[in-house]
Amino acid sequence: MFKKVLVANRGEIAVRVMRTLKEMGIRTVTVFSDPDRIALHTLFADEAYPLGGTTSADSYLKGDKIIEIARNSGAEAIHPGYGFLSENADFAELCRENGVVFIGPPASAIRQMGDKVTSREIMTAAGVPVVPGFDKPDMTEKDALGFAEKAGFPVMIKASAGGGGKGMRKVDKAEDLGKALRAARSEALSSFGDGHVYVEKFVEHPRHIEIQILADNYGNVLYLGERDCSIQRRHQKVIEEAPSPFVPPEMRKKMGETAVQAARAAGYRNAGTVEFLVDKNHNFYFLEMNTRLQVEHPVTEWITGLDLVAEQVRIAAGELISLKQQDVKLQGHAVECRIYAEDPDNNFMPSPGTIQLLRTPAGPGIRDDSGIYEGGEISLYYDPLLSKLTAYGPDRDSAIRRMCRALDEYIVAGIKTNIEFHHKVLNHPEFAAGDHDTTFVSRHLDELTVGNSREKSLAVVAAAIHYYLNNKPVINSGQAQKCSQWKHFQRSGWL
Amino acid sequence: MFKKVLVANRGEIAVRVMRTLKEMGIRTVTVFSDPDRIALHTLFADEAYPLGGTTSADSYLKGDKIIEIARNSGAEAIHPGYGFLSENADFAELCRENGVVFIGPPASAIRQMGDKVTSREIMTAAGVPVVPGFDKPDMTEKDALGFAEKAGFPVMIKASAGGGGKGMRKVDKAEDLGKALRAARSEALSSFGDGHVYVEKFVEHPRHIEIQILADNYGNVLYLGERDCSIQRRHQKVIEEAPSPFVPPEMRKKMGETAVQAARAAGYRNAGTVEFLVDKNHNFYFLEMNTRLQVEHPVTEWITGLDLVAEQVRIAAGELISLKQQDVKLQGHAVECRIYAEDPDNNFMPSPGTIQLLRTPAGPGIRDDSGIYEGGEISLYYDPLLSKLTAYGPDRDSAIRRMCRALDEYIVAGIKTNIEFHHKVLNHPEFAAGDHDTTFVSRHLDELTVGNSREKSLAVVAAAIHYYLNNKPVINSGQAQKCSQWKHFQRSGWL
Amino acid sequence: MRISVETNGKTMEVEVRETADGRFRVELDDSEFTADARKLPEGGLSLMIGNDSLMVYRKGDELYINGILYRIKTEDPLKKELLQSSSFQASEGAVTAAMPGNVKKVLVKEGTEVKKGAGVVVLEAMKMENELEAPLSGTVEKIHVSEGQSVEAGALLFEIK
Amino acid sequence: MRISVETNGKTMEVEVRETADGRFRVELDDSEFTADARKLPEGGLSLMIGNDSLMVYRKGDELYINGILYRIKTEDPLKKELLQSSSFQASEGAVTAAMPGNVKKVLVKEGTEVKKGAGVVVLEAMKMENELEAPLSGTVEKIHVSEGQSVEAGALLFEIK
């Protein structure tokens, strides 16, 4: 086993990975940018090395510098977390060339799964279902229509080089196809300098359900059940749960085995996630494979009792996965709320600043994976994820009620957060029924974001007394008047 | 289900019970003594009522007053926590007479199990093994010798009215018996005004292992596995774990079924614990039954996935236990460290005072059930238990290593605690091997309590720099000299 | 003391009095509340209003009661009048940064005519781009920032006239 | 600055100097350490000694480094001399309370002769009784407390002569 490991990340995930490393008796090394000299991950590590720089590109994305630090500090392996260098095939390769173990899959698997078209081809060849589609150089309107009529409307036109919704058109009926095709091509050309588009069946009201897999160097590939990540805003997950309320046992097994097939086809090693789109008829289609630890891995840890980071480290060190497929037992239900520094009432705009007050929830069935502390700064240069709050219960309903209790205990002041937003989602009847899909947030945006709807008269009374105590007329001595009102309040007799 | 429940307790257990009540949508009411106006449980409750008084006898033991508050506030039930009124049969009866549900067993069961001789008789009649003993009015030396020679030395002479080790003598050989009998009688008479003693076989190097049971009003009695509570100081548990490393599966089943038998014999309802002494040959003997929620219940919650407080409330409300015996699945391993305000280096003397600094552990597999907050007071009037830290892992070793990591994250300054003591117990080879018994702490006291043995040179350097920064000569302006050194430090350029 | 409390756009007048026994009487509309208050470490406040136990923290306009956030403004009507008479009236066409960030792009030049809703400046923070639009149709009078510059929340970005 | 640091009964002399770049050089025995220091909120300190990252909190003689408690005394040798010359020498037979508590029982009267180890006063705190013994054989000169009284840590309880 490794004696020393470098964590090439920041925020909650760097702290979470280091917790497991410490439990394994492995010395922790990390790196930090200029604004992160007293960030939590810098303080939490046994050793920390400056990267210089401020933006991600100037700091946490400097792969060569990070490898140099790993070598100089004597770290035998690098854990990349998620984001930053975690899905960078060149970095994984550079690690290997420098004799440092990359705690993740081989560079080839990262590269293949990172390309939309290649990964789709590999999965199709391996018999993994993908969203039915049609792709051909210089596809004509007739070609596209032929496919659309076979697959059924609506269909989606997508730019090969695409991203961010550009060069993308939904087509509901045959007579709209030609116009949409021309518009998508023109937009793709002007946005990406590449007008190539393809056509796919449009999956209506899809759920986003993914399978966690583990693969070691000895041909063992396990699936650890699914996570339902259908609550998204801006195409980003905000609430995840395991198991999915939409997945019956036989479907769970089928999806799991399909994910194992996908991982084998990709020559995969270490922890990975196969993402699927699921339609209302329980058909599932390969979406992509994330070749790293997921943000939402704690919900899987809750229901399996495993430590996925420990499994990652052991696999990278050449050990076997700690259990067999038949020993994987799913028990209970877990929910995760991502606590973001953002303002849901203002289009989820990020909200950097200083954490002036922090009260974190605790007690039965609650886990808080946080990267912040009271008095700390939330920098505008990095991701606004403050913490991942997860709740566990014997069943879905008790896990959700536990999460609501914990959200009420959670106070983050000084910046805006989505804590109240989470509360509203969890209390929404559609979510409570498990009947939601990825369009949930956009469909219910107004209900989910208009301030705080709870009873207010006690709040008004409390605010008034608070104001009074901080502003009451000073009638004592001249001495007292030099103090701030709050100090006076501290000294006065009524305390 | 109840709409409103009063929690008649304070500290961590009051907060823990209220967390579950809030999750169940039940409004929480509590009571507080004069020193507890801003204690955590008072702040945490939805409604809080003053009891007046300072000592336990003047506040939390005032059963009639608490029932009056329950009635006036509209609370339909009272949860007594542990300690205080939780094993007071008269209080349970008074609740019933006043139409308030007591969340616990019937008064008769409390009364019978509270009496050592009666409970021993009931268990013997029910076929539950008890420590072999001999009791007879005016027992002669010859009577005692007859028993001792049959059962084998050593034996223990105990006062019937006993407690706290008084009127108790261990006898190793026949010739010492007469003298010990006279000494025990005389001490019992002077301590309790009752000279009656009995003789019992002495269990050498015993382990303390207990079975959690649940019983509803419909004849269902379940056992939820065992807890090993052999790490004790001053006859008080400090570290508990589940399952016990000493109990093989067939013994677990036998102990569980015996505990169910015991509960049935006592006419038991609600959550309870049957405590056993276990000798080195895996023989187990009934010790006593605790007719309430145990301090250490979280380790059972970890390995079963259940919420025992929720089960208690449901049973008291006339519902069925939420599962059947065959659905009870034990998974993984959990350890609890009781964080006390005490000084292990000074005979575990209590250490009341102000919590000047508090950093609580978090992350995977960690649960902190705490009754304190930074800036809060630890009163000398009540129990010194600050918090219960529990750690979970797939196996015993990973749970212990996780606990060590969490103990390193835990900082409580301003009062003395046993955090470092816990660290030493967990790292002791005898504990690591699971090879300990209730004499562990007294046998290893020196190793476990002589300060901090970790490497120190960096600590000395850190202390020196800290001192320097707070005391460095002020060489700037006269203005700066008016500030405290720390303020100056805050303003100076090196930050 | 008379205090005006504003929440959800609605303003209420509240009368707070300290009683001889150190408690508080609060009048709000037709209701009267009695409260006991104790200071908590780190600026918190424990209020018992009737027997409801409220743990109160306040930071700016954010009031946390038992962990639940309420956005509430409180003001002394006397002070409010003073402030209003001397308050600075920001121009309608001036746009400030709603969050700290980096100026990713400046899309127009000073002197350009723009329509209401046209993009003028792109701010970037925490992996997210945010295009700030002209609040009215007119001429870009002044652009106060340049590309690559980082700005604080509230910084004046540009003015349209 | 020269600082004496005492830990586990052993005293070491440490020399701390601030360098031009705002870092610290520390000499301890034959070793030299270089450190970077940053203040944390709530009185903490982040030290990088070499590349070891230490999170340091100090309360009185308690020093927490990465959560681990060290009992360490630091003093300026100059100040120490000043203090020692004027320090108050407590009598050998005087017994003070090691913890705050309630006086549960006073076992002897003033003027009684006691042997070393005899119980004199019983203090109670947090459900635990603690019998305080005569530190030497002699006469109970003075008992400063009475039954039922509550005392602070450090309070003088009785004196034997």
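Should a chain be cited, it is by its letter among A, B, C and D, assigned in written order, with residues numbered from 1 in that chain.
Keep in mind that, in the parts below, a residue touches a chain if its C-beta (ideal position, glycine included) is under 8 Å from a C-beta of that chain, and two chains touch if they have at least 3 such contacts.
This is a predicted model, so every value here is computed, not measured.
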Q) Steps needed, at minimum, to get from subunit B to subunit D via touching chains? A) 1
Q | Between A-C and A-D, the pair joined by more C-beta contacts | A | A-C
Q: Look at all chain centres (mean of CA atoms) and spot the one farthest from the centre of subunit B.
A: C
Q. Using mean CA coordinates as chain centres, what's the subunit C-subunit D distance in Å?
A. 48
Q: Mind checking the centre-to-centre distance between subunit A and subunit B? Centres are C-alpha means, answer in whole Å.
A: 39
Q) Quick one: subunit A and subunit C, Cα centre-to-centre, how many Å? A) 30
**Q.** Junction residues of subunit A - those touching two or more other chains
**A.** 408
**Q.** Numbers and ranges of subunit C residues touching at least 2 other chains
**A.** 38, 42, 52, 66
(Q) Which residues of subunit B touch subunit A once you look at their complex with the stated criterion? (A) 15-16, 19-20, 22-25, 298, 301, 305-307, 309-310, 322, 329, 331-332, 360, 362-370, 392-394, 398, 401-402, 404-405, 408
Q.
Which stretch or stretches of subunit D touch subunit B in the complex?
A. 1, 3, 5, 7-8, 12, 14, 16, 18, 22, 24, 26, 28, 31, 33, 35, 37-39, 42-43, 45, 47, 49, 52, 54, 56-59, 62-72, 74-76, 98-102, 125-128, 130, 150, 153
(Q) Which residues of subunit A touch subunit C once you look at their complex with the stated criterion? (A) 341, 346, 349-353, 356-357, 359, 380-384, 407-411, 413-414, 419-420, 451-452, 454, 456-469, 471-473, 486, 489-490, 493-495
Q. So in the complex, which bits of subunit C are touching subunit B?
A. 38, 40-42, 46, 48, 51-53, 55, 66
Q | Touch list for subunit A against partner subunit D, complex | A | 30, 37-38, 42-49, 73, 373-376
